[in-house]
Amino acid sequence: MADPRFFRNAGPFALGRLAEIGAAELAEPAQADRVIRDLAPLDRAGAEELSFLDNRKYLPQFEASAAGACVVAPAMAERAPSGMSLLISPKPYRSYALIAQAFYPVPPAVPGTGAGAIVDPSADVDPNAEIGPGAVVESGARIGPRTRIGPNAVVGAGVVVGADCTVGANASLTHCLIGDRVTIYPGARIGQDGFGFAMDPAGHVRVPQLGRVIIEDDVEIGANSTVDRGAGPDTRIGRGAMIDNLVQIGHNADIGAGAVIVAQAGVAGSSRIGRFAALGAQAGVAGHLTVGDGARLAAQSGVMRDVEAGQEVCGAPALPIRQFFKLQATLMRLLKNKGD
Amino acid sequence: MADPRFFRNAGPFALGRLAEIGAAELAEPAQADRVIRDLAPLDRAGAEELSFLDNRKYLPQFEASAAGACVVAPAMAERAPSGMSLLISPKPYRSYALIAQAFYPVPPAVPGTGAGAIVDPSADVDPNAEIGPGAVVESGARIGPRTRIGPNAVVGAGVVVGADCTVGANASLTHCLIGDRVTIYPGARIGQDGFGFAMDPAGHVRVPQLGRVIIEDDVEIGANSTVDRGAGPDTRIGRGAMIDNLVQIGHNADIGAGAVIVAQAGVAGSSRIGRFAALGAQAGVAGHLTVGDGARLAAQSGVMRDVEAGQEVCGAPALPIRQFFKLQATLMRLLKNKGD
Amino acid sequence: MADPRFFRNAGPFALGRLAEIGAAELAEPAQADRVIRDLAPLDRAGAEELSFLDNRKYLPQFEASAAGACVVAPAMAERAPSGMSLLISPKPYRSYALIAQAFYPVPPAVPGTGAGAIVDPSADVDPNAEIGPGAVVESGARIGPRTRIGPNAVVGAGVVVGADCTVGANASLTHCLIGDRVTIYPGARIGQDGFGFAMDPAGHVRVPQLGRVIIEDDVEIGANSTVDRGAGPDTRIGRGAMIDNLVQIGHNADIGAGAVIVAQAGVAGSSRIGRFAALGAQAGVAGHLTVGDGARLAAQSGVMRDVEAGQEVCGAPALPIRQFFKLQATLMRLLKNKGD
């Protein structure tokens, strides 16, 4: 179904193999050889396609689906239409993601240096890395195996990029050390000076920013996002953090492992975001704060104080979510009492 | 008046010709041969320059203006000073825009491939397209006639760009199909993966994003804006939509024809924005919502529910505009009653 | 201490020389020859390192510090531990910034044109300018002495960049005139068309944007920020203004000298920001407004009316800061009275 101009289907796969890939259990082991050729949503899938059910709201589509196979949670299995093979998983969406990666893997690096790319002789580029056309790799930079540097991207002097990374088109990296399996999307800016200067009526004076950006393994940083390097300490993006497009991460910030930061959110300088915390779109965290592990900030939240681990906040200034909704209800009552 | 280092005046034009171009009526047909050499604002225009009046607030400037010609609505015409030739139009600003385009047309493509550009041999580039210096056009991409690809821009594999388009410097396109007369401003990022993954404490798992971005004719997408490709369905930008700088459009979003999205606004995944709807600067629309045709979202609105066609909303969370202003008034009263 | 892969220490310096550089006074003139080799924070500095104290909250660290030298305000000097040399300054952070610049100066331009750079023969590039690899300099552009144009950056036709400027990787400049000692960070977009068109149900009509962007001396513009050119008048960024990442400046805006605009803030078209005004992160200023000299807008403020000189505002819609906090207190009381 995916447009063949852009995507290559690595299938077909036998259902048994897909169960393994997806860490799921085949409901009827005898169906292990059933051939699955592609992925499709429940309402469009046919007999050789696999779909998934992750939300009760789609149960009617599930019950009416012609999909040949479907990944489902154990509790939903009995609602399956006849003829549908089931892959049972406690985490159907995760299983589906793994299977989808098998059908449509990220294209591997094509080792070598593209036309017009400029690689400094002192750079250490793994022979199995791919340097795209027009890309620039400056002095002393190191690029790991199977890493792809996109067209017209710039890897600055001394930068280290690990193995199996992708750096998108027109992205730029400077003053940073990047782990393995990291994806930097097109146009992201990593490692430029933080916003630090001594304010003065006679003219602000720049304070040299002497730290780096440390990006741990399995991180993603979205298109046109910006991550400034530290002022003295480093800016750190913890393992597996997912950062969306147009996000700003200020100098010295520390983003916990597995944190999720949605588009256009911002984290000001020296703030710490806990492990697996989630920041909604356009949320902002002021400087020098701590957002605890697993905390959740609704979209457009404005956080001006520390947020405890596991807490959910909303609004600007941000309130605990129950208080926020109670305040909204109070305001709506107030409004009603004034008549309309 | 425009700096000749940057702009080339294609005039002079006879007034009769400008009336045709602007879909306006010359008040005095005998003045059709009057020569107009340039554009200028009412308070600075001279006898060979054309201006326009679109807002009653500038009536005093209109009455005192030395402009040789002016585009005005019928109702204002009688207020014109003597000596001023009038182009009468029910839509003076639109007429002025058309005339201004005639004086200062977008520079035409200069057919050919600039120095240092890298065009894959399998790409299909129209002989009348212009590929700027350092630009990269990857395998199988198609570029239509009179389209200009800016310096150091990147057109990814399989991408289709129609006729008479402009792709700005350092912009990047991937997994997208683009119509005719589309303008992509510098640094815009089109078609990268949407923000889709199965969240998991053991490590989030990327879900392959198998859709595309479809951009219809006459669309504009501003500098450093980001439009993610669909997860399975496509992301679509409808005909004539105008998108400003630093805007985020999430995967599977559908932006209606003629919609206007001002700077730093964001539309989350799978939301639909109606035809000719308007989103103010820094507004946000949460995921899976519908904003109706012609709806208007004030700047910084936070939309968490569907918005009906034609409705105007403001605030975060967004309220119908009358309620919003009533609530503000109520709060100000509350504040006053507490004394100061 | 700074990672030598990325930073080169220009020291050591004699303490007497650092006092001169920092416009500070050496408490014990006899210590003028003491050698200082690097910078470090109070809690980690050793006998040959210099630190600073700018905030009473760090007094305990100051009193316990092993730093060889420290920049302090006169009032704190008596709290210094024995063995620490003192540089007395009324503005310790400013003095520290100047000293830090001496230790870690911005690397000078390396005159010449990098591999793969494309410089139009009609461009006027100073022989002491550095044009990075893959950069593009178009016809008629002028680049001043000691200015560095980053890798894959684009300087458009007719653009003027003064002396001692830095233009970051992948940035693009068009229709602009830039003074001396200006820093444009990576991916910034300067001079593209403003967001101007005649709205029309039959299709919006672009209004040619015939102004420029004027950037005065000593300005900084952050990574991936966007500054649109004027519609007829110019967009102007006043001397010494500091603009952070992902900021949007609309057409015809006028940013006063020394103004500070933090990340993800936006200034809509034709608004004027006063000298040394400060806009917090994610703040927004609507179009055609005036924000007075020295005014302060808190993060996420939404400014819909003029702000007087020196005024501090907060909230959306923005209120004077005292009113804002009073309103918050009132709302919290309201919430409490409803019980929980």
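Which chain is which? They are A, B and C, in the order written, and residues in each are numbered from 1.
Criterion: contacts are C-beta pairs under 8 Å (C-beta built on N, C-alpha and C of every residue); 3 or more make two chains touch, one makes a residue touch a chain.
Just so we're clear, the structure is a prediction, and the values are computed from it rather than from any experiment.
Judged by shared residue numbers over all numbers used at their interface, subunit A and subunit C contact each other through mostly different positions, with under half in common.
Put simply, subunit B has to spin 120° for its C-alpha atoms to lie on subunit C, with the angle rounded to a multiple of 5.
We define each chain's centre as the mean of its Cα atoms; on that basis subunit A and subunit C are separated by 29 Å. Shared interface positions of subunit B, defined as residues touching 2 or more other chains, are 116, 134, 152, 170, 187, 224, 246, 264, 282, 316.
By the touch criterion given at the top, residues 116, 118, 134, 136, 138, 140, 152-154, 156-158, 170-172, 174-175, 187, 189, 192-193, 195, 197-201, 203-208, 210-212, 224, 226, 228, 232, 246, 248, 250, 264, 266, 268, 282, 284, 286, 302, 304, 316-317, 323, 326-327, 330 of subunit B touch subunit A in their complex. Remark: subunit B residues 1-3, 5-7, 39, 41, 91, 93-94, 96-98, 100-101, 103-104, 114-116, 132-134, 150-152, 168-170, 185-187, 218, 220, 222-224, 240, 242, 244-246, 258, 260, 262-264, 276, 281-282, 299-300, 315-316, 328, 331, 334-335, 338, 340 touch subunit C in the complex.
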